[in-house]
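Same chain, two partners: chain A is paired with chain B first, then with chain C.
Presenting the complex of A and B:
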C-alpha cells in the first residue's frame, strides 16, 4: 500500500507544537553543559527576579563538563535515589503483573456476581486523587509495620487500578473464538490466560506497564508521605533539594533522570498508541 | 513488513539502550561511592572535658651579680702589674694590682711641696690682711677727726654770722624806730636802705654759714658711721686652708698606699666584673676594678616575651635547670620592662646557691588555673576575623544514611595555653564531638567520617 503524501500545512501546524513540546528536553540537554554563571545570565530574571527577559541559547557559549563530572563522580546521593526509584518502579510493575494483570483478565473474560460493582469501584478508585486515600493508606501501612519502608510505596502501587483498566480493554479485544478453540483443545483457564491471554494482550500489558513506569518515575506525594528516611527517597524527591546555586548540576541531573523514561517510551511507543486507541473504542 | 521490521529493530535498540544505561549507572554508582569516600575528610573528634590550664613559661638566662662595688685607689699613680681579669673569682684581701712605689713616693714628695706652698701662701695672705685692716682703721679715724674739726669751725662761723646778722638787724630796726617821723628824709631813707642792705647781706652770710654747718654735721656723722663699718674679709686664707686640707688628705691616702706596698686588694669575696687599670698607665680617678659581691648573694636574670608576663608575677615559684640539676623553691623577685618589648625577670639567689656568676641556666615558671569545665585541644580552634570557632560533628540523616556533618560554632576563649583552650560555658555541650584534626580542608556543612580513636 502506498503511503499517503504528507500535507505541508498539516506538518507545519503540527511542527510548532512539537517544537514547544520538545523545548524543555532541549533546555535540559543544553543546560547540562552550561556552568551556573551562564545559566544565571540567561534566566536570571526568572530565578532571581532581576530586570529583563529570560533568554536561552541552543549552544552554550562556555560549554563545560563540570556538571556531568560532578553528577557521575561526586554525587553518590543521586545514584542512591536513582536505584530507590528503580526498586520502587520494578516492585510496582512486578506487582501489577502479578495482581493487576489477572484482575484485568478476570474482569474482561468472566462473568461473576458483583462484577459491575467491582468494575465500578475500579473506576471510582482510578479517579480518586491520592490525597483522598492518603490517610487511610497511611494508617493501614503503619499498622502493618511498613511505614518508612519502600514497601509502603510499592504495595499500594501494586494495586493501582489504572493499569488493569488499560489491560482490560485489550483483553476484551481478544476474540472469544480463539479462547473457545483453546478450551476445546483441552487448555485450562490458567493455560488460556498464560498461552493466549498474555501473548495476545501483550500490547495492552506493555502499554500499561510503560505508562505505569512513567508514573512511578515522577511519583512525589507517596514517597513524601510514607518515607521519612532520606535514604529511601526516590529520584523525584532529590531534584527539588538541589538549590539554585547549582543550576547546571540540577539540569544535568534532571536530564539523566529523564533517560530511563525516554528509553521506556521509545520501547513502548507503539503499544502506547494501541492502548490509547483501545481505550477510546467504545464497547 | 518493512515497517514491522523497523519497529522491531527500534524496540530492540531501545531495550538494549535501556539495559546499557542501567549498566552504566551501576558502574557510576560504584565509582561515585569510591570518589566520595576518597574526597570525604576523615576527622578526629574529642569531647570537651574538665581540665586546668597550665601555663609554662620557659626562658634562658644567666646568673649575674646582685651587688657590685668599686675598688678605688688614688688617682694618677703608675700601674706596675695587674693581676685581676674580668670573670675572675677573688677572695677577700686578694691582690688585684700593684702600683709603682717609686712613682708613688715621687707623688708623695710633690704633694708635700704643694702643701708647703699652700701653707706659706696662707700665711702671707693672713699677714697682708692684718696690715690692710690696720691701715683702714687709721684712715677712718683720721677722717672722723677732720670732720669733727670742720664741724667745730663751721659752728664757730655760723655763730659769728648769726651774731653779725643779729647786730645788723638790731641796727636797722632801732634806726627805723628812731627815725620813723623822718621816713621821708632822703638821708634817713638812704641810711635805712644802707642798713637794710647790710642786714640782708648779714642774713645771706648767716644762711651760708648755716648751710656749711649742716654739711659739716652730715660729714661728721658719716665719718662716725664709717668707723663702725667692718672691713670685708679677704677669703684667700680660707681658700688656702681648704686646699691644704685637700692636699693633706691626698697625701695621707698616698702614704697609706705606700705603707701598703702600693697594692690594690679586693675588699670582699666576689667576681671581677671590669678592670679599669692598664700596666704602664696611670690609675684613673674612677674605680680601678669593679667586683660583683658574692657575699650579698647573686641574681638570675632572663628575658621573657610580653605575652608571657600575664603568667609571671612577683613571688611566683620558679625552678631553675642547669645541666640536669634542678633548683626549686625560688621565687620571682622582679619583673621589669626590658629592650625590644621583652621583659626581664630577676630571681634572687643566696650566696650558698650551687650556681656561680656567669652560669647559664633555664627558667621554668608554672601557673595552673582554676578548673574549667569545657576544655578542648587548641588544634580544634579556628580563627576568622579575630573570632574563634570550632567545628562540631553532628550526625544527620542524609540520602546515604546517617552521616556526620560539620557545624560551625562560634566560641569565646576564657583561657588557653599552647595545648588546651577553655571555652565559655554553654557554647558547646559536653557531649559535642569537636573536630580536633582533619586530613583535608573542611568547612561548615562538609560531610566527614570519624577516625577510629
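Presenting the complex of A and C:
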C-alpha cells in the first residue's frame, strides 16, 4: 500500500465545496435560535426590498428558544405534517422490506423462467423519472379509490425498483458455499433466506433503506401530484408555504424538518456510501 | 451454483413483482394505449396526440431548457466531482471528513433549503452582497432573470457532488496499485500513469456515473418548483414543470403522449451512451 500523504493545497481547494455543502445546515441551525427581530436586522433588505444586502452571523447575538417553543407548542399543523412525512417514510420502508427484499433475493439466488423479463422491467423502471409514470400511477390510484389518501403516496413507493436493485447487488455477493452448507444441513429455502440471506446481506438491506429514507424525506413530486387535502401533506409541501415574514419560525421549522434525515445520515453514513457504490459497481 | 428450482424463485419474486405490475407496468401500457386515443379515452385518433405535443410551444421551450440544462450541468458535475475525488485521494487524514461534508446535501431535504436559496439569490440577497463586497457591481436579480438557470445548475451540483465523488473514489481505488508500481518501475511519470492507467481503468464506471447523474438530474425540479412555483422564469421552465402543469389541467391526451415520448428518449439516450461507451 502507498502511504497516505496529505497535500495542504488539495485540502485548501477542497475546503470550498465542503464549506458550501455544510453552510445551509449551519445557517438553519443558527437561525433557529435567533429571535425574529435579530433575523430581521440581517435579512431586512430581502424582506422589505430596502437598500443594502442580506447578511448572516455564525452565532446568534442573543440566543433564544422562542422559535423552538412556538414550533413545538403553538403550531399543530407542523406536527400534523411532520407525522405525515413519518407515516409515508415508514410505510414505504416497511413495504420495501416485505416485498422488495424477497424479490431481490429471488432474483439474485434462483433461476426461473421469466427471470430475464422481470429483471429487465426492474432496470427500466429504475431509470424512469417520476414524470414518465405519474399519469399511469394516478390512473391506477384513482381506479382503486386511493387518490388523495396517504396510501396514494405509500403504495407505489413500496414497489419502487431501486431498493431491490441495491439489495440484489449485495445478495449476489453472498458465497454460494454458505448457502449450500445450510441446505446440506437440511434448512428449507425460506430458512436459508431468513437465517443466511438477511443476516449476511444486512449491510445491503440497510444501505437501500438509508438511501430510501433520505429519498422519502425529501419527496416532493408524488405528494404534490397525489395529495390535494392539505391535512395530508408531508412537511416538504408545507415548508415553502411558511411566510418569510415569520422568519425565525420558518428557519426553525426547516431545521427541525431535516433532523430525521440528518440522524439517518450520521448513523448510516457508512451504509450510505456502500449503497452509493453498489448502485454503480458490480462486486 | 444457483439452484434450478424455479417454483421457489417465483415465490420470492412474485409479491414484489405483482406490485410492480399493478402500479407501474400495466398502467403504463394503458397510457401507451391512451396516447393513441382522445382525451376521454374512447375514440382512436392515431398520432394526433403526438402531433399536439410536438406542435406545443411550451413543450419545445421545456424540452429545449431540459436539454440545455443536461448539456451544461452533466459535464460540469462530472468534471468537478472527478477533480474533487482526485484531490481527496491526496488529502490524507482529512479526506474522510471532507468527503462526509460533501455528502451532507444528499441528506438535506429540498424543502429545508428553499428558504436559504431565497435569501441567497434574492436581489438584496447574500450572493449579491458578497459580489458587491469584493467590488463586483454585478448585482442582478438571480431568480427572475436568465441567471435563474445558473442557480438551478448550482443547486444540482450542490446536491449531487458528494454522490459522484463517492462513486469516482470507488472507481479510482479499484485500480490495482500493482499496475502503478509496475509502470513506475518502467519509468512512467505521474502524467503517463494518469492517462494510460487511471483513465482507461475507470472508463467502465464513468458510464454508470453518467447514467446515475442523468437520472438524478430530474430531481432538480424539487428545488426549482419550491423556490419558483409552477411558472418559474422562462429559462428554467423544465419538462417536469410542463408535466406538472398538464397534470393540473388533467390533459390526459398530452400527458400520455408526452410520457411515451419522454420514456423513449431516455431509453434511447442511455442506449446510445452505452453503445458509444462499448460497455
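One rule holds in what follows: the second predicted complex is superposed on the first by the 242 of 283 C-alpha atoms of A that agree within 3 Å, B and C clash if a C-alpha of one lies under 4 Å from a C-alpha of the other, contacts with A are read in each partner's own complex, and residues count from 1 in each chain.
Methods note: contacts are C-beta pairs under 8 Å (C-beta built on N, C-alpha and C of every residue); 3 or more make two chains touch, one makes a residue touch a chain.
What you see is a predicted model, and the numbers here were worked out from it, not measured in a lab.
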First, second, both or neither for A:264, with chain B first and chain C second: both
First (chain B), second (chain C), both or neither touched by A:146: neither
Chain B versus chain C as contact partner of A:230, first or second or both or neither: first
First (chain B), second (chain C), both or neither touched by A:82: first
First, second, both or neither for A:73, with chain B first and chain C second: first
Larger contact residue set on chain A - chain B or chain C: C
Touched partner set for A:176, first chain B, second chain C, both or neither: second
Touching partner for A:129 - first (chain B), second (chain C), both, neither: second
Footprint overlap on chain A, comparing chain B with chain C: 238, 264
Chain A - residues contacting chain B, complex: 72-83, 86, 229-231, 233, 238, 259-260, 263-264, 266-267, 270
Chain C-touching residues of chain A, taken from the complex the two chains share: 1-2, 4-7, 10-11, 13-15, 17-22, 24-25, 27-28, 43, 45-46, 49-50, 52-56, 95, 98-100, 102-107, 109-115, 118, 121-122, 124-140, 155-156, 158-159, 161, 164, 176, 180, 183, 189, 193, 214, 217-218, 220-221, 224-225, 235-240, 242, 244, 250-251, 254-255, 257-258, 261-262, 264-265, 269, 272-273, 276-277, 279-281
Of chain C, residues touching chain A in the complex: 1-13, 15-17, 19-20, 22-28, 30-31, 80, 84, 87-88, 90-95, 98, 100-116, 118-119, 122-126, 128-129, 132, 158, 161-163, 166-167, 170-171, 174, 177, 205, 208-209, 211-212, 215, 218-219, 221-222, 225-227, 239-240, 243-244, 247, 252, 255-256, 259, 262-263, 266-267, 270
Residue ranges of chain B touching chain A (in the complex, touch as defined): 7, 10-11, 13-15, 17-18, 21-22, 25, 28-29, 31-33, 35-36, 39, 397-401
